[in-house]
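Before we start, here is the structure in question, set down as structure tokens.
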Amino acid sequence: MKAHFRLLELSTTKRVELLDITKMVEEVVGDSNIMNGLCLVFAPHATAAIIVNEDEEGLRSDVVKWIEEVFPHNGGWKHNMIDDNASAHLASAFSSSSRIFPVKDGRVFRGTWQSIFFLEMDGPRRRRIMVEVLGE
Amino acid sequence: MKAHFRLLELSTTKRVELLDITKMVEEVVGDSNIMNGLCLVFAPHATAAIIVNEDEEGLRSDVVKWIEEVFPHNGGWKHNMIDDNASAHLASAFSSSSRIFPVKDGRVFRGTWQSIFFLEMDGPRRRRIMVEVLGE
Amino acid sequence: MKAHFRLLELSTTKRVELLDITKMVEEVVGDSNIMNGLCLVFAPHATAAIIVNEDEEGLRSDVVKWIEEVFPHNGGWKHNMIDDNASAHLASAFSSSSRIFPVKDGRVFRGTWQSIFFLEMDGPRRRRIMVEVLGE
């Protein structure tokens, strides 16, 4: 069994933003030389998330709109008495800061319309993503 | 370490629908001969999800009602200018297309009221589910 | 490869409540002597969840408020004809009853503001959490 890690870094440019990281994740899996196992994509952040969906311009703006409706920025949150990002914390907690994929025959097993996104919700910031490939 | 894969296939019959796949998943774990490790249940789809909950008729219809309220089908979504399933994409992105379970002593470790469901949100369709058991 | 399991037990005191279990999880990882792999934190319950976020008093009450708004206790749910906890079931199904973390150099890899919480939504009750560390 082998565990292969790589810490990716990226910069976001807006408060709420989706960045497609599919190619970066697939490169880590390719470099790992692990043929069968799992790939964990993990953001060590409490105001961001990892989600999986189609990379289509309209849908990316729908995601931003949905987040702002369900996790309103000015929702009367108590955490905003000491900071201004309670909505991002709530959305991160309930969206999950990670996603996990099968690795089969050396590749990330995913559907045609499943791109992997870093979801920034308290940007712009410098952010990190840990990609771990476990298997053999 | 061993990685055991099986691709399940199923057909859904409604636009939004829950299918209990617990027995299918447990059969894969039994056939794997893996005693201790993990079981990943992964749907390679961007308009469906895997969720875990009690298999009770009223609750299944509550899940459908909740989805239609929180991810409204006619929500003025931009993605609907090129397709008609933005609500399913959003619900899939935020519900997650996978769930993972401990495998202990050759069995899926889960609670009495935790059944495993494939959640269709853009049916009816033919769908696939990858079940991976990793361990030894 | 090694799989190390420990079943934690705790008691909750309110209907909806967050309990910080970070130290308990990290103790299991330390005791496992596994240096590189994964840590799965899994609640075998259909009316609770595991979430990850900042352990700040205001934010903890924001989480409770958000849950009660998005999963209303009196939402006209059909499951409430046989029980009174449909909202907890729905919130558990869509929040997920588990979270997974990289284990690197013998430690849980997580961000500074990422505490691990057991989220009770149908308390007070006795509850269990399975912590599994997989790796070597």
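All chains are identified by letter, namely A, B and C, in their written order; residue positions are counted from 1 within each chain.
Please note the rule applied: a residue touches a chain if its C-beta (ideal position, glycine included) is under 8 Å from a C-beta of that chain, and two chains touch if they have at least 3 such contacts.
On a predicted model such as this, the values are computed, not experimentally measured, just so you know.
Enquirer: Over half shared numbers or under half: where do the identical copies chain A and chain B land at their interface, same or different?
Expert: different
Enquirer: What's the rotation, in steps of 5°, that superposes chain B's Cα atoms on chain C?
Expert: Going from chain B to chain C via C-alpha fit gives 120 degrees.
Enquirer: Please work out the Cα centroid separation of chain A and chain B, and write it as a whole number of Å.
Expert: So the centroids are 20 Å from each other.
Enquirer: Indicate the residues of chain A shared as contacts by at least two other chains.
Expert: Answer for chain A, listing residues that touch two or more other chains: 1, 38, 70, 94, 96, 100, 134.
Enquirer: Report the residues of chain C in contact with chain A in the complex, numbered from low to high.
Expert: 1, 36-38, 51-54, 56-59, 61-63, 65-66, 70, 94-96, 99-102, 104, 109-114, 134-136
Enquirer: Touching chain C in the complex: which residues of chain A?
Expert: 1, 3, 5, 38, 40, 42-47, 70-71, 75, 77-82, 86, 89-90, 92-94, 96-98, 100, 130, 132, 134
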